[in-house]
Amino acid sequence: MSVMQNLRIAKFDIRSRLFVGTGKYASYEIMQQALEASGCQVVTVAVRRERLVDKQGRSLLEFLDLSKYIILPNTAGCFSAEDAIRVAILGRELLEKQKNPGANWVKLEVLGDKKTLLPDPIGSLEATKQLVKEGFTVLCYTSDDPISARRIKEAGAASVMPAGSPIGSGQGVLNPLNISLCLETLKENDPNYPVIVDAGVGTASDVAVAMELGADGVLLNTGVAHAKDPVKMAIAMHHAIEAGYLAYQAGRIAKKRYATASSPFDGIISHIPGE
Amino acid sequence: MRIKVNGQDYDLPDGGDIHALLAAHKLTPDKVAVELNRRLIRSSQYDTPLKNGDEVEIVTFVGGG
Amino acid sequence: MSVMQNLRIAKFDIRSRLFVGTGKYASYEIMQQALEASGCQVVTVAVRRERLVDKQGRSLLEFLDLSKYIILPNTAGCFSAEDAIRVAILGRELLEKQKNPGANWVKLEVLGDKKTLLPDPIGSLEATKQLVKEGFTVLCYTSDDPISARRIKEAGAASVMPAGSPIGSGQGVLNPLNISLCLETLKENDPNYPVIVDAGVGTASDVAVAMELGADGVLLNTGVAHAKDPVKMAIAMHHAIEAGYLAYQAGRIAKKRYATASSPFDGIISHIPGE
Amino acid sequence: MRIKVNGQDYDLPDGGDIHALLAAHKLTPDKVAVELNRRLIRSSQYDTPLKNGDEVEIVTFVGGG
Amino acid sequence: MSVMQNLRIAKFDIRSRLFVGTGKYASYEIMQQALEASGCQVVTVAVRRERLVDKQGRSLLEFLDLSKYIILPNTAGCFSAEDAIRVAILGRELLEKQKNPGANWVKLEVLGDKKTLLPDPIGSLEATKQLVKEGFTVLCYTSDDPISARRIKEAGAASVMPAGSPIGSGQGVLNPLNISLCLETLKENDPNYPVIVDAGVGTASDVAVAMELGADGVLLNTGVAHAKDPVKMAIAMHHAIEAGYLAYQAGRIAKKRYATASSPFDGIISHIPGE
Amino acid sequence: MSVMQNLRIAKFDIRSRLFVGTGKYASYEIMQQALEASGCQVVTVAVRRERLVDKQGRSLLEFLDLSKYIILPNTAGCFSAEDAIRVAILGRELLEKQKNPGANWVKLEVLGDKKTLLPDPIGSLEATKQLVKEGFTVLCYTSDDPISARRIKEAGAASVMPAGSPIGSGQGVLNPLNISLCLETLKENDPNYPVIVDAGVGTASDVAVAMELGADGVLLNTGVAHAKDPVKMAIAMHHAIEAGYLAYQAGRIAKKRYATASSPFDGIISHIPGE
Amino acid sequence: MRIKVNGQDYDLPDGGDIHALLAAHKLTPDKVAVELNRRLIRSSQYDTPLKNGDEVEIVTFVGGG
Amino acid sequence: MRIKVNGQDYDLPDGGDIHALLAAHKLTPDKVAVELNRRLIRSSQYDTPLKNGDEVEIVTFVGGG
């Protein structure tokens, strides 16, 4: 039973707060089932060269029902603002050819290091400014540093996507304080500004934790694609999004050092020490 | 003439254009996006003749996160 | 969408792996809605003196649909085996009078300390032995110490319920290794032996974490009853149980120090540093 | 005679039993469980006469975790 | 520069709060250097059968200067109270023959499981009672469960030694709350009751953490013996004991969510945003 | 007993790896004792307006023995590159007037937010470039983001000082992975590049943890200045630096899930279960 | 003339310089650093006459982290 | 006669005692502790003759934690 509000990002009104990547599945069929099971509406894709020779002839688009999913192209693998902008423009062109509503949006990644795939705060800022100028709706991948995140928002990003931990590392949210400070900064006087925790999700509780911090959504890929049973994990992630979203809304109890009885001591027939 | 397509050298008959290039690779224009010398080229301009040394990138969507 | 298997404890075949307590709600009405929202089938209750004077006249039983819920009486507030046994016997008598299937089971608590409400390993062991002899199905609350847990099982408990953290403290699972070692020890050559993480749950992700460790279920009360919005939190807990259960079944990815790209580097048009 | 009920002193007419006690407190037998001197007493024995100094506990279910 | 008070356990007045084991060193010579470097005064030893055949002829005692160290025999490897008592008695006999002041004390271990080497709370309790009756000064290894710890003290143990994590696992203090609750319970109205964190130390900060929780000392072995450079690690542990001891005494600052400037804002010549 | 190597930063050859701030002490006298007790050689100071009216007449410099300490001026409180550069230049002028060897170095802080006092990666980069051009030895305070850290190094900083957690928050090292990745990136092919963990230290173990990750030093202020007993805490920090430094050098044991006995099972006289 | 010193208005006799300013506040030149209109001014130039509207900052070291 | 020493069968001439046993293994009494049939035996009793089937444990200190 879902009682989630839609998530608004620029002109997009999104049903599911779980964004799922399309990479690294054992087969397109498993990908299809996992996406279906996850209940997601937004799926991310990468832009790459057509294999001009030796192609199996099957292409990703044949396996994505565009009447059902909104495609969010990324600029994964770009290490400079210039390359990221080129890839964003090519992605938009491809979307337009598919008449996909997502046409003018992009998940911007400008990476700073190949080993950690952590974002380059400078390049990301330049690319954001440029792409916003060119009419893009920019969802920008950032580190969990609140200041970098705020600067990306100030540059015009429609959404900031701080990393929980390195892409595909499965370490979850390593620094809850920073994610929480990102949320506080980005939503100051702008509570509906969308913040999506991106990268690092290893299992369902990571998703719940991110949402309980107040995130508006979570983007993941490897955590599902490389799970032993991707479809089951996709269902788990679906539940985890709801769980975390609702728990945040519900207002959790404060942590206490000591116990507080859930059954009353009043009316007890047993002997209580020291009484 | 010799051009580069997706990073590989490629020999194209003089006067050849993007249409020719896509046809030669059995690619349908609406499934790919094309860059000519690092700038997007729209379908409407696929008939511009290519020049020797041109660099063409033909891309599509693949799985990614 | 649920794909959870029923949980078997002795003769009980239980639909929901979330056990919910009936204490500390602002009103019986809110309790009813929260129990409903949680999807739970097993609810715990305490045994206390009838208020002989000044009673509001409303009793808990009027608010629990016994055709829907299985009542699990606890021995909360008992600090000796003897008192716990007395309370268990009274609870059984009350259940029999309600013709409730749970009649011969009990959630055994023998507490060691009023401040932490942590269990007394010695008293719990004595009480378990005695109650098993008297035909009880004993679900015993223990610390997260794997050895105490194993001894309680050896004494004949139908289920062991290790604490994640002190009752009502909302600190979640403080020592995942110990819970994991409890599971390993208790399920050795007996994979279906039911282990329920009891106590300490503060929010949904705590439930997911417990289930991801391999627990068969989670028992909670304060985390829902004292949330700002108990009903919403109950739904969150419901999703969290499914999320954690499925994630455990699905087989999570291993944690890695470094990133692993979810989009391929192959076919990239951008320049990659050092290549 | 004087007995203890739920920890409080209580004066019960001689020959009084659990039935009398429950009735006096408007309690229906099937909603409570009763202990006499720390041992469970079943409904069938509610007619056993109580003796001076007896300790009776009358309990029911309340919310708990 | 040390400003540590001696640690008092029964009749022993101990200079160093670091207790070091003598097991698992690459050679007796390295052990000697490591013990020396650690600054410890109490060293633990095990009781084992004399190798009747094929012995290298070198025995541990030749490498321990009894004028310098107090030997604390353990009952490691015992899984029942009865065996632990036998070993304790043999250890005492050996000490008496060495005229070692430690003669009547023992580090009591009654283990519950071979895989985790966690203590058996029941067996430990029985053995403690018996050994106290036979005049032993018992230092008892326990889990981090505060109730088990308290019962061991009540049984007459001169010191309780809760585990930070499984022996030799190098996981440090896995559950700081439990260690802290052990200290609170054991020292209630008895502030000088000695509590030594035993087992699990992997590196120096683990020792500091244990002491900062208020422990009176730390016992370790593998963390030093199996470090790449045992002597250097021994010095590190020596500093860590002082660091943690003094930090606890000094009274640390409270943790805050936000920053508090260490340089004043007053008199600043720069422009401060929003002012 | 210390076996620490000196720390080399540009032309400075520094005895103690603990840098201590001079702010927030109850009195200059306590500051003097704490600095003395900490064994530090480098102390940080701020640049502020002379109080032209109502001054107590006592100035910081009267309490710092310049024959003993190297003064490191900071740019605390600056939120723009321009202001930070002005303050750095004024600080240098003041040092030159004191004939202090530190004359041309500066602890650069360009802050991004008043609530968290986290650094602004863009402004820090600009200021670093400019100050390096003007001949400064720049030690730059950064977030724990490895990419920002690397860019600051590339801009010519003599040392990078990543934050463990927000200044004065006492939360210690919140994200050990990031600090570890900073160290890995900054020291790649340049093992002696000095990296100092700055900000967030609450107690001694925080210092040990930072050093065990491989940091070359730690800078702190509030953790000592606001401890109940600043002098004792200063001694604790002194030991913690040695402890962490040596533990890192010594090479800690790996963490294991299970126990490994420190006493041999061989030659045991007790009965071992299942044998 | 009226100048600003450390953010406060300050009236200085015409022809006054930094020396005068420091003297007036009993500050010894070697314990402070001085900025004139946001640029450092070295001791050697403390005798430059100040102009109406000049902004002067006189700073020193204080405790900081 | 046949006894067990440290878990191994061992043949000892009749009338042999702990002294004999230690001597046979070149062990000095003050470096070991001895158990006879699971009970400690003190040095003063090392001259008690051993009987067929006796179980002796001779232990010493080894490195341990």
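Each chain gets a letter, A, B, C, D, E, F, G and H, in the order it is written, and its residues are counted from 1.
Convention: a contact is a pair of C-beta atoms (placed from the backbone, for glycine too) under 8 Å apart; a residue touches a chain by one contact, two chains touch by 3 or more.
Keep in mind that what you see is a predicted model, and the values were worked out from it rather than measured.
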item: Joint neighbours of chain G and chain F, given as chain labels; value: E
item: Pair with more cross-chain C-beta pairs in contact, given A-D and E-H; value: E-H
item: Intercentroid distance (Cα basis), chain H paired with chain C, Å; value: 55
item: Centre-to-centre distance between chain C and chain B (centres being mean Cα positions), rounded to whole Å; value: 62
item: For chain C paired with chain D, centre-to-centre distance based on mean C-alpha positions, whole Å; value: 33
item: Where chain G touches two or more other chains at once, by residue number; value: 6, 35, 57, 59, 62-65
item: Multi-chain contact sites of chain A, meaning residues that touch two or more partners; value: 21, 23-24, 46-49, 74, 76, 86, 90, 116, 118, 167-168, 171, 177, 221-222, 257, 261-264, 267, 269
item: Complex contact set, residues of chain E against chain F; value: 1, 3, 21, 23-24, 46-49, 51, 74, 76-80, 83-84, 86-87, 90, 114-118, 166-171, 199, 202-205, 207-209, 212, 221-223, 225-233, 235-240, 242-247, 249-274
item: For the chain E and chain C complex, residues of the former touching the latter; value: 112-113, 116, 118-122, 125, 143-148, 150-151, 165, 171, 174-175, 177-178, 181, 185
item: Complex contact set, residues of chain H against chain E; value: 5-8, 25, 27, 29-33, 35, 38, 40, 42-43, 57-65
item: Chain H partner contacts - residues on chain E that touch it in the complex; value: 21-25, 31, 44-50, 52, 59-61, 71, 73-74, 76, 86, 89-91, 93-94, 97-98, 167-168, 219-222, 225
item: Contacting residues of chain F [partner chain H, same complex]; value: 261-264, 267, 269
